[in-house]
Amino acid sequence: MFLRTVDALTDTDVDWILSRAEFHRVRPFGLNESRRVVIGLVFLETSLRTRIGFASAAARLGFSAVEVTEARHSAVSMPESVEDTVRTVSGYSDVTVARVGIELAPPYGSTRPLISGGDRGPSAEHPTQALIDVFALRRLAIPLDQLTLAICGDLGMRSVRSLFKLLERTPPRRLILVTDPALPRDDLPATLASVSDYRELTDLGAVDSLYVTGIPHGVVDETVRTRLRVTLEVLDHLSADCAVLCPLPVIDEIDALAMTDPRVRVFDQSDDGLFVRMAILEFALGQSTS
Amino acid sequence: MFLRTVDALTDTDVDWILSRAEFHRVRPFGLNESRRVVIGLVFLETSLRTRIGFASAAARLGFSAVEVTEARHSAVSMPESVEDTVRTVSGYSDVTVARVGIELAPPYGSTRPLISGGDRGPSAEHPTQALIDVFALRRLAIPLDQLTLAICGDLGMRSVRSLFKLLERTPPRRLILVTDPALPRDDLPATLASVSDYRELTDLGAVDSLYVTGIPHGVVDETVRTRLRVTLEVLDHLSADCAVLCPLPVIDEIDALAMTDPRVRVFDQSDDGLFVRMAILEFALGQSTS
Amino acid sequence: MFLRTVDALTDTDVDWILSRAEFHRVRPFGLNESRRVVIGLVFLETSLRTRIGFASAAARLGFSAVEVTEARHSAVSMPESVEDTVRTVSGYSDVTVARVGIELAPPYGSTRPLISGGDRGPSAEHPTQALIDVFALRRLAIPLDQLTLAICGDLGMRSVRSLFKLLERTPPRRLILVTDPALPRDDLPATLASVSDYRELTDLGAVDSLYVTGIPHGVVDETVRTRLRVTLEVLDHLSADCAVLCPLPVIDEIDALAMTDPRVRVFDQSDDGLFVRMAILEFALGQSTS
């Protein structure tokens, strides 16, 4: 069959196709045994871990993923709105995960689950990354509320904002913050502020985990980046079972030499992200049918 | 296993791989139970709905999709021909859907189904979109041959050319056309010309459906775009159960305020496109085995 | 469900998600019936056949593929290292196939199979292409060690380097080489050198197969490209059952008119590549569990 023009289809062909389409439209989900759950991935900004991680999580669950990785554009068309793109993909999918470069809005006229893969704006968050981070903290030998946790880097990042909100629900014993005046930061939630203080990387004291946030390229100069970098010297000050975590990517926030230290567990954290994303997709599907 | 060089493979390994490949080559389809139908998607031009829609339709049917979304190019290679790219993907797939930026040609030396996702040239068509559009018209309460249908915008678009050809087979009762001399248009098929007249958007009279074609960016000036835009005022002239349809994307052909009117059913039309594409893939597979 | 901020999740929701993630983490592979094998595809350089071929091979085996097709980059981020990207995807996948634009290195801290899709550097190879090429040679009526084989073009290409290594294990009866002093070439392995000589395309004598390597765009001038091009005239000198092979893409290495000659079996070779890639993935999975 070569279908370049509708002339290639007889009237009978057209009727067969449109009747079959109606059959699919009205058929109850449960009667379609080969049907697979579809996860829509709309990533109009670059993403490695979140996009591929959800695609792989979908496959692990027996689902399929469909991906939009750039805004519609060409020499002869203006881009359609982000909202229309998200709404369209949502209509083709059971659950949609989206990173759209602006504050994410719920799709109009659709009640299907929509999950942010990290958004932008003054209240930007990255909820799925924060769940992965809390999962990594939970895997440490020490219960969350007895933990002494240090967080180093840009405390205004979207994933940190989400993480602070989750930590606020179960505050650690101590929270040590390492940052720079040149970097933005939100006011800490009160329950966290009461257990927090600010220190230098080489003066953390006994911490159970050091969480390294990314520092966006270009927002601070090299002097500040150097001051906030986890080096072999910084690791020398940490205890033998302190876990260094980071949502990745690492550009230079952890020195290349330090990356090979067994206390740096950033790839374990990344690998475990797969299981958290599987659970998030299942949670979303449960919400969509209840 | 780390396979960077063939030196990593023993002679036994090489024999195992090549013998196993021969096993796959000669094995009848039916004996491979885990084998999934593969849909090749070659989209050398930007596409959202057609590409993602067929990918999702494939998943709904239990198939897998593989995608080529840009022409081969790099600093050290000239692009291969579009025909070779389509032929290659066709060899890896059971059905291929292609939008290649030129008039689509059948792949040489392959009898596997090839479906246009919209092509270019003087006789360009977009047959699968037209099937989706007719499906949307069929879902209205009124039979197609009793319908008063208005079509507004660029009547020379490839999807409109395909739609006119399908409407010619079952002409509506009345066809009202709204366009501008600055926009191209084909001669109407005779059976449609006899039931057609040209009007303004604010003077449609009683129509059962208003179909809004896209207007490519840059081909007409803002004055013309404004004259052809569906606004709240235009909607005021339409009956309470008139359905406004559009193949999407909407840039400004329907005003943002008008988009929220319940008579604007463009996302229902888009959602239903999934079922039509499922039927098209099944039809193509039926053609390939018969 | 609309998950833009973690505020949308109750404490119970968070607990459910993190407990479920732990369930997935510890669950033995065999108890997850819907789980599908995941093939990670990291192609930071353009690829058609290798990338799509492995994606399709995965689908034919009932597996799923996840793809990274560009290095991480955006206005606000520096790219992460190639090694980190490969390691991350390896953690989400059962087998990873990678083409990264530099010499491929094994992922640190991961023992999962990593297969090169063609790398770069002084010892660059393309092992999976060479296996496909040997498979094509094996399908000829003549056993490999009785074959008179001509190879024409850039003999320094990575796929040719891998092919020479495989041919060295089972040398053909005669090896005829056609190239140009302007093109790089490695020293031939001794076992091949002893059966080889250099000739012109129009003076090949009786050969069972002519293998045409690509010639990268820009490395030689048009005069050289013309001298090494397979034209109808070249085909006139070949026997009726000589098979012309080429790993593709063909830019101008085989003349467009010559491409339609039935002795040019480059698309059969490409189609069969699917079966070889299926076998390679199965081999890698066998290695990962043994």
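Here the chain labels run A, B and C in written order, and each chain numbers its own residues starting at 1.
As a working rule, contacts are C-beta pairs under 8 Å (C-beta built on N, C-alpha and C of every residue); 3 or more make two chains touch, one makes a residue touch a chain.
Computed from a predicted model, the values in this text were never measured in an experiment.
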For the copies chain A and chain C, the interface residues, called same if over half of the numbers are used by both and different if under half, are different
One copy, chain B, sits on the other, chain C, after a C-alpha rotation whose size in degrees, in steps of 5, is 120
The distance between the C-alpha centres of chain A and chain C, rounded to whole Å, is 32
By the touch definition above, chain C meets two or more other chains at residues 64
In the complex, chain C touches chain A at residues 1-9, 11, 13-14, 16-25, 32, 34-36, 38, 40, 64, 66-68, 72-74, 76-80, 84-85, 87-89, 91-93, 108-110
Listed in rising order, the residues of chain C that touch chain B in the complex are 45-46, 48-49, 52-53, 55-56, 58-62, 64-65, 103-104, 106, 113-116, 119, 123, 125, 127-128, 130-131, 134-135, 138, 162, 165-166, 169, 216-219, 248-251, 260, 267, 270-272, 274-276, 278-280, 282-284, 287-288
